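Okay, got some structures for you below.
What follows is chain A paired twice: with chain B in the first complex and chain C in the second.
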Partner chain A sequence: MRNPWTRTGNYKTSYAQDTTIFATYSEQASLAVFLIGMLVLPRFLVRGDMQILDLILIYALAVLGLNIITGYAGLINIGHAAFMGVGAYTAALVAPHLPFWAVLPVSGLVAAAAGAVVGIPALRIKHLYLAIATLAFQLIFEWAVGHSPALEQGGAMAMPRGMVFFGYKIAFKNHHYFWYYVSFTVLVLMAFGFRNLLRTRFGRSLVAVRDNDRAADAMGMDPGKTKVFAFALGAFYAGVAGALYAYWSRAVVIEDYSLMISIKFLAMAIVGGLGTLVGSFLGPAFLELLDINMETFSYAIKEIYNPPGVDVGSAIRPLAFGLAIVLFLIFEPRGLANWWRLLRSYFRNWPFKY
Partner chain B sequence: MAQLSVENVTLSFGGINALNSVDIVVEPGELVSIIGPNGAGKTSLLNCISGFYHPTHGQITFEGNDLTKASPHTISGYGIARAFQNIELFGGVSVLENLMLARHTYLKYSIGAASVFYGAARRGEVENRRVVEDVIDFMELEPYRKALVGNLPYGVRKRVEVARALSLEPKLLLLDEPMAGMTLEEKEDMVRFILDILAERYTTVILIEHDLGIVMDISDRVYVLDFGMVIATGKPEDVAENPAVIEAYVGGAG
Partner chain C sequence: MKNKWTLWALAAVLVMGFATAEKVHIMWSGAITGPTSDAGKYYAQGIEDYCSWVNDTGYVSGIEFVCETRDDQYNNANTLRNFEEAVDRGDPVFLGYSTGGTLQLKPLVQEVGLPFIPASYHIGNIDPPDNDYIFLPIASYSEQVIAVLEYIAKVSPGAKVALAIHPSPFGRAPVKDAKKAAGELGIEIVEVQEMAKGLDYTATLKRFEKKGVQYIVYQNVAGPVANMIKDAGRLGLKIKHAGAHYAGGPDLLRLAGDAAEGFLWVTAYYMPHEQGAGAKFVKDLGAKYGRPADAIESVHYPSGMLAAAIAIEAIKEAKNAGKKINAENVYQALLKMNWQNKLAVGPVTYSKKDHVGVDKLRVLEARGGTFVPVTEPFSSALFRKVHYGE
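Entry: the complex of A and B
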């Protein structure tokens, strides 16, 4: 007898069935519970919490883009914040003329175009050399913005305020709540989009050029085109994240898209688990929550131990960030996603193990 | 007309000629073996046919298509598939996905359809899964379908390598030492697979192999390469008695 609730005894009888993502009722149910939980979560949180939650969602979208480029296609990218910046500055320029739901894809597409251009060196160079090329893009981006009067030379470019969405006015009080729902919807849709791509030729070809681009070539994939596609797709995700960030922070400032942020994204991708979808959410959540908790912790430290001339409090945050990355690299290089995988595989055959 | 013709091909790296005026003709449905001592240029020749190297001189044509300057992914589109000497599989994904990757050129759906996995995308995936399942059945890989390639034993990975090439549904299959490092039983299985490929899938096969016993048993024709030159060609029994071949393999009388 077929039992649709568990994997045990749930035999697939067609190839179409074998392509499903959430194969059992219990998996579908837990997804539904999780999504509903995320939708009602803001009811129980205050404005300050929402701000952090929004940031995690937006960073998760950006890190998903980085995972597409670096995790799935294996192309090291240390200029990801610049892609996000391209999206954010596009948003700042077009937001006065377009509604926000049109600004997001436009920002994504402009960033994707930038990504494709940055991807062109990937036709020729690999590994560390490509990483340097992406670093060059980051520096070019920062320099170009810093020298463009049209972009306030990196200073604050204000985003439109007091938007009205279907009669719902977005003001100071509900700002973070509104952008939570927008970010969450966008993240879920784009994550599902990528998860679908993964079970088609587009996603598979990314993994193929990562694992062996010679063999990919012999199997009929153009490795060059695939790499450019990977950069364009990843940059699209970053661009949309950049536009969301711009709306969320109400202004576009160059510091939010600097090299430091690019490194932070790489750290998030590694801590989450490179080349995993779930890692793109776990990494940003873990590091952002760690950062916030360390900030609280640093106030407590200052109370107890505060020698003159040394700012112990503000040293705690970068220290914790660095320590977390080092510990992950040593003890769990596959990231938090690996814990998630172990947890799932434990429950896969539960309660009937045979 | 010949299916594949390699005419006067020379491949040089700096001052060294890896291939020197090589001429090879392959007719449809043949099993042609290329043998020769290590460093004779066998793999270089295969690299020229599959587009990884481009000959310095000469021309390669396959069913009217010029392969001389074509890239590997163009050549695979003409119907030439290749199994590599040193296993070059996609280690991070399953056997099934390795084989589905070989169906890449047959899948035509758009990125829009793919991102919602609906309509053409779903249909294309299921149809091509059927083709891949035929190959899995043919190469007897059923137990390993969902296994990660990187974790499989050597003999099985060699078989996956051939299966992936077959999933392209090629007209010409290039096998570069598919039996290297295998046990006798594994070699016998592989020989059976190769003979079945010829008989059931109507595929021309070019085989590079060091086991002369096998080569002499199953080949229709044999080319012997030494120092980048074809030193003998013909039916296996003729080649085996050719003095130039004996000299290349066991050394001259003096």
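Entry: the complex of A and C
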């Protein structure tokens, strides 16, 4: 009889078993342990660490959205930060009138509408041409915000302060703890949605259209609708991330949703592993922690070697970012998710090897 | 023998003095790499060197300053992280940098009550709401642009002016006030053109020429300004150029060369080549701490020094008043500040209602490869009227 706690072979006998999320009880148990670990983690971290953790969670949510558009549907998107920005500015406008738990979906829906509009060119163009169309959206977004007095022309739009949630007052000391739990809850829910996406007809259409849209068309799928829907869904994720970022940073400023951030999201998706769930978490975590560690390292370098006129220490930080992307593209194009897969494979049959 | 004991006693006092010196942290978060780092790196060096000088000379007895210059790469998330670290550590004052970062931090600065001295002179930093704890070292971009418009109106009554601004809150900051001031001054702003990192401005300049523009006033950084004035020179246009603090200075001369000749620049800082105690102080400090000529010549170097100096002066005042060095006491000291400094053309004065340090500005003109003052220090006559309706 098969041991339900381990996988020592392939016992799948039906399509339902083949699409199951958890193959063994140990997978369910490890996820439960991980979730509990994440819930108690703030007890062991100081406020500054929580701030970084929050940022990683919010970026992970945005990268999940990018992975729907670029990873699953294969549509290159260089305007993802703009979708996040649409969500953030929506949040800034509606937050004085709605509770935060209502602001998040509203921001996502407005961003999804923007995503659907941006997706329309995908009906006729693809590859690099579509990438340019998304770049155009990024620039239009920045221009539109910069010329809208209602949006402070890109200056700061403050988010509401002194929020109270079930008697719990959110202020400076607990700000990042509160938004950690909100971001984590939202991320878990939306990650489950992402994970289940490929088990749906729409999710399979995304991959089919990515691999060969003509073949997908011939098999009865609608490539146009699929692409537009991919943009809308991906933008929804980004919009919710934007609203969370607005609350987390306490104000909405255009610079947080610039082209540089869009490129950063692409880098996170690539380093994490395009089209993978776990890569959407690993990419942002890796690049954010790399940056912080390189910052510390650069100060240490400055202490040891700081010749006048050549700022070696400061140069190391951007260099590390660029180098990480290039090295991943050359040596591990499947990203950190592949390392995770190999690690899991190693332990899957442990201690009994094939 | 007696001398020997005296020396030992002196050494012991010195050692005790260092051992008991209170360590006070001052953090700056700005762009040493990334966008605008051409200004940020020299600004950071100004802060570092002023701090080193204060420590080396014992300018504030009983306090050893630990000045940290953090590279936030012009990324607001990094600025926020650095600021919160300073709050958690209990720093008494924080030195900021970018417009976006400062505007974003405004509500938090107000919430935690930590005095904040930015490198951005955006008027929105000190306009309500949430404006109690932010202090500009010198007059705002809006006041700078109005001051240069006043000068233009004086030398060319009825002039036609175009504003060439950076496509960001930094660039757009003075536009509204400048338009109002132009109306009062009888000059005409015929166009407001946003300009980023363009390599060729022929079309824009030809359009300006067609509209009869006599002056282009820049609220931008030196790079794009240099490109535009070089293009204007290449096209043989008779248009004159002028700009606010970050648009001009020795950096512009280095980038634009001869094309910068005649550029009118408004700032509150003394230039290193000028005679006077301030210029000498900047040069001496740069030489003492091994800074290259580009750093010493740059206006961002004394700008960083002034920001650090204001913070240190407020801490010194709090210390002299026998108060604990914390954010609230430094804030109270800032509100009473009236300090005759050597770095800028006027004293640094603050009050509850006035959060602009140096109120005076000068217009300088590029002549023969240096900026030469063409006015005495003055305050804009119109700024308060157009901005505050006073």
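One rule holds for everything that comes next: the second predicted complex is superposed on the first by the 339 of 354 C-alpha atoms of A that agree within 3 Å, B and C clash if a C-alpha of one lies under 4 Å from a C-alpha of the other, contacts with A are read in each partner's own complex, and residues count from 1 in each chain.
The criterion applied here is as follows: a contact is a pair of C-beta atoms (placed from the backbone, for glycine too) under 8 Å apart; a residue touches a chain by one contact, two chains touch by 3 or more.
No experiment lies behind these values; they were computed from the predicted model shown.
Superposition of the two structures on chain A leaves chain B and chain C fitting side by side, clash-free. In the superposition on chain A, contact is made by A:193 with chain B only, not with chain C. When the shared chain is aligned, chain C comes close enough to touch A:254, but chain B does not.
Contact with neither chain B nor chain C is seen for A:12 once the two complexes are overlaid on the shared chain.
Within the superposed three-chain model, A:169 lies out of touch with both chain B and chain C [touch as defined at top]. By the touch criterion defined above, A:210 reaches chain B but does not reach chain C.
Contact with neither chain B nor chain C is seen for A:127 once the two complexes are overlaid on the shared chain. Taking the Cα centre of chain A as vertex, the centres of chain B and chain C in the superposed model span 140°, given to the nearest 10. Closest approach of chain B to chain C, taken over C-alpha atoms in the A-based superposition, is 32 Å. The contact sets of chain A with chain B and with chain C never meet. Contact residues on chain C toward chain A in their complex (touch as defined above): 32-34, 41, 70-71, 73-74, 76-77, 80-81, 84-85, 87-88, 98-101, 103-108, 111-112, 122, 124, 129-130, 167-169, 172, 194, 290-292.
Chain contact summary for the complex, chain A toward chain C: residues 46-48, 51-52, 55, 142-143, 146, 152-156, 158-159, 161, 171-172, 249-251, 253-256, 295, 298, 308-309, 311, 314-315, 317-318.
Listed in rising order, the residues of chain A touching chain B in the complex are 14-16, 18-19, 193-194, 196-197, 199-205, 207-208, 210-212, 214-223, 275. By the touch rule above, chain B contacts chain A in their complex via residues 50-52, 71-73, 76-77, 81-82, 84, 88-93, 97, 100-105, 107, 109, 111, 114-117, 121-122, 124-126, 129-130, 133, 164, 168.
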